[in-house]
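In the two complexes that follow, chain A is the common piece, with chain B as its partner first and chain C second.
What follows is the complex of A and B.
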């Protein structure tokens, strides 16, 4: 396999995971940017554990997911049912705190960065295996009582509460699950790139993930499965001079999609129509 | 009969002389045939995003060198082509651009800047591609040896002497406040400044400049409360200029006792600071007022294409890199044959990593295992946007 295809597929897999980590809490109307902090923390932990302690990949992977879960768990007690804006602010603040902590930690390379993360064999098939597992987990949630409750919370929290939904616990569950998925993405990212730099985890990452999520469609998990490869592939397929305008292309794509298809490329209605045709 | 023999003898002698001449001429030059139509050199550079202006002049200088080489017939009769690959400031994009070239290019330029180096260089190392990330500091480059070069020795060797030289030129400096922004390798550079100052008995107190700072009054008040005799600015160019303006506002008059570090030697330092910078010292790696013909030609061309501005600190790096690659292509057996990619990459790499008496646009130097062995730093005083030469200091050995 060519290196270009390898990295395209690997970044696509990781970005789908990260988009899902934003998608899940958005099911209850929260933009949970804290997942980027989870990704950062688990990426640095994974790099450190691999290089300094020579931990096996499987153990690091489990620890990376756990770190994401724990980081999401603590704030979720306070923001489980908080308004979207509050969740955004908490997320951005924690990203900033984590970045500052890394920048001031000599063991993690400080502002210079963290080098020399050992290579993992068969990372790409592993990424897709884990992506499939995460996808199955989200699919189960979406089609369970939790998923249906989330749909009601998204529309109106009071109605959901009147129907017996514990809005806070539901929000906490989605935030924690998202943290775990982001932790997984962080571990894979660290091993894919092989070195880490605090600036990898900046506001630009959030912008890109938001564009991918809202272009693909925020109401189903399948939207990003379509939008991420398209947006990732765009910069590889387009000539270099045009690909340089990536940010502009992303922004224009998002504007056009929001104006013409407010729900994104794939909505729940699209899926229903697709299922109907399949049955016919 | 005799005549016939004599003729044959002359013919044989003539052929022998011709053969000897041919052999002699081929002894000094590479013997293989070049199989490429042009020498493609990809340049992973930040051509879009917040530091696109830096990427633009780095690209300009690489193209300028290639144009000059091509006008003189190229290398082994083939032109050099610089292929710009934009990385923006995105690590993902940098990896993807590196992936495009990593299995086919003989040698590459960049990546630029550090975020992209960190992301893309491991891939170059993994695939054995020598990529000249020359615009970064030794501390980054050394992580990817032998697949890149350092443009200077470590900060701990290059910077202390120049800062010490500055401090020694100022009378009565016993304590200095250093404004430090924690970005990339700047804290390492700040530590090196402290070592230099301490070597001449000057105490350093660090004041952190937040990366998102927009007002500098409180920072300056805090710094002045330490009763310093001077200042070292280890922060972004625009912030350095604003801190100097604030210092003046709070009554600091002796500008000579302000030293600005090399990474702040950027256009926005001068556009923001203007005449408030007059008298401040700055150190850097090139002397814009140098009087060599080659430098004057470079400078004029640069000014012509950059609205009359003098070349800035990083503008010559990739110009010299292209000439180094030319030297390597010229003096090794490289043919561009994809079947010999591995050996030819190694030949170029080893040639550049140990190049001797290389004639750069500003100075000549030699490399030992990818690190310059005899390169120093210039100290200047700023007057009306111009940097006037004060001294040149060699790095510590």
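What follows is the complex of A and C.
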């Protein structure tokens, strides 16, 4: 497999996971950027555990998910039902604190980067297997009572509370689940790419993920499955002089999509129409 | 004790800059009902305008005019985007945040591609100014004096505009109830554009004072300042102007104390940690949400 195709598939898989980790808490109206901090922590832990302690991949994977869950769990007690904007800033603040910790840690490579993460056999097929498992998990949540409750919370928290939904607990659940998925993405990222740089985990990454989520459609989990390969592929197809303006392209795309196509490419209505046609 | 006094002076100068940014940010939130995350990025862009003008002239008035004009023009130029957004989504501040964040990324990336080849810019040393008072470790530079006293003057002028003029009453009326304001004949769109203009004016002045205080700027500065301004606004309570005044100053002082007493880049992390703890304990802010 060519390296271009390898990186396209690797980044597509990881970005879909990360978009899902933002999609889940957005079901209850929260932009939970803390998932990027979960990804950072899991990625560095995984790299360190593999290189320094020679832990087996399966154990590292479980630990990576657990780290994501724990990092999301602690703040969720305070921000489970907080206004969206507070959740945003808590996430950005924790990303910054984690980044500073990594940059000041010689053991994690500081600002230079962390290299030498050992390779894992057949990781790309395994990544897509885990992606499918995460997708099945999210699909189950979306089509359960929790998913329906989340839809009501998204529209109106007070109505949801009046209908008996525990808004805080629901928010906590979605935040923690998102943390676990981001932890999984972090571990896979560390092994697929083989090196880690603290500079990667910045506002640009959040902008990219937001662009992918809103372009695909934030009301269903399938939107990012369409938008991520398109946006990742576009970057590969464009001449390098234009591709270096990636952030500008993503930012403009996001603004245009929100203004002209508020629901994104795939909305719930699109899915209903699609199901109707396949039945006919 | 000398370190404490020196850092207190630093903190008050820096804090007065945060106060101006928080006021501009909150004004747009209250009147236009948007979260303008890109506002500090516009201020950094205006710092670049200052730098560009300074290469041709050292006329202070021209530099200030260029900075203020650029910030006002760009801020007003993006207003139609948020108006269109409000038409399509209603006044959803979360959506306005996503769009303004995209704008912030756009501004940062354009700055890092086109301006000074992406390298940080440095202002001339005589622009930053020499020390006007010095005793042991305590030094008070001209840049700090401009930031502190200029900041105080701008805040006084802002509150005068808001509480002692007809236009200020109109701005406050819309922030309280835009529907009722339109019924009694207040031009909503025009007044919202005015709020962008006032915020742009504050931003342009802040850019000049920040340039004199810091002596340098880089494309990434907007992200950094942006996070602090937004965090200070949340700490105060979104839309709470008086709370923003207190929290902006407190943030500046806390950050300077951390820089004075802690090593390297940890100082900023400590400032963020303090904000994080308060946000987790009181998500609605110390002084209550007004937006």
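Heads up, the rule we're going with is that the second predicted complex is superposed on the first by the 280 of 280 C-alpha atoms of A that agree within 3 Å, B and C clash if a C-alpha of one lies under 4 Å from a C-alpha of the other, contacts with A are read in each partner's own complex, and residues count from 1 in each chain.
Keep in mind that, in the parts below, a residue touches a chain if its C-beta (ideal position, glycine included) is under 8 Å from a C-beta of that chain, and two chains touch if they have at least 3 such contacts.
These numbers come from a predicted model, not from an experiment.
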Touched partner set for A:263, first chain B, second chain C, both or neither: neither
Touched partner set for A:104, first chain B, second chain C, both or neither: both
A:82 touches, of chain B and chain C: first, second, both or neither? second
Touched partner set for A:147, first chain B, second chain C, both or neither: neither
Per-residue contact with chain A, leading partner among chain C and chain B: C
Contacts of A:6 with chain B and chain C, given as first, second, both or neither: first
Where chain A meets both chain C and chain B, residue numbers: 103-104, 204, 244-245, 247
Contact footprint of chain B on chain A as seen in their complex: 2-4, 6-8, 11, 103-104, 110-113, 115-116, 119, 193-197, 199-200, 204, 235-236, 240, 243-247
Chain C-touching residues of chain A, taken from the complex the two chains share: 29, 31, 75, 78-79, 82-86, 88-90, 92-94, 96-97, 100-101, 103-104, 202-204, 206-207, 210-211, 214, 244-245, 247-248, 250-252, 254-255, 258-259, 262
Complex interface listing, chain B residues touching chain A: 47-49, 84-86, 88-93, 95-96, 98-100, 102-103, 114-115, 118-119, 121-123, 126-127, 139-140, 143, 182-188
Residues on chain C engaged by chain A in the complex (per definition of touch): 35, 81, 84-85, 88-89, 93-95, 97-99, 101-106, 108-110, 113, 223, 227, 230-231, 234, 238, 264-266, 268-269, 272-273, 275-276, 279-281, 283-284, 289
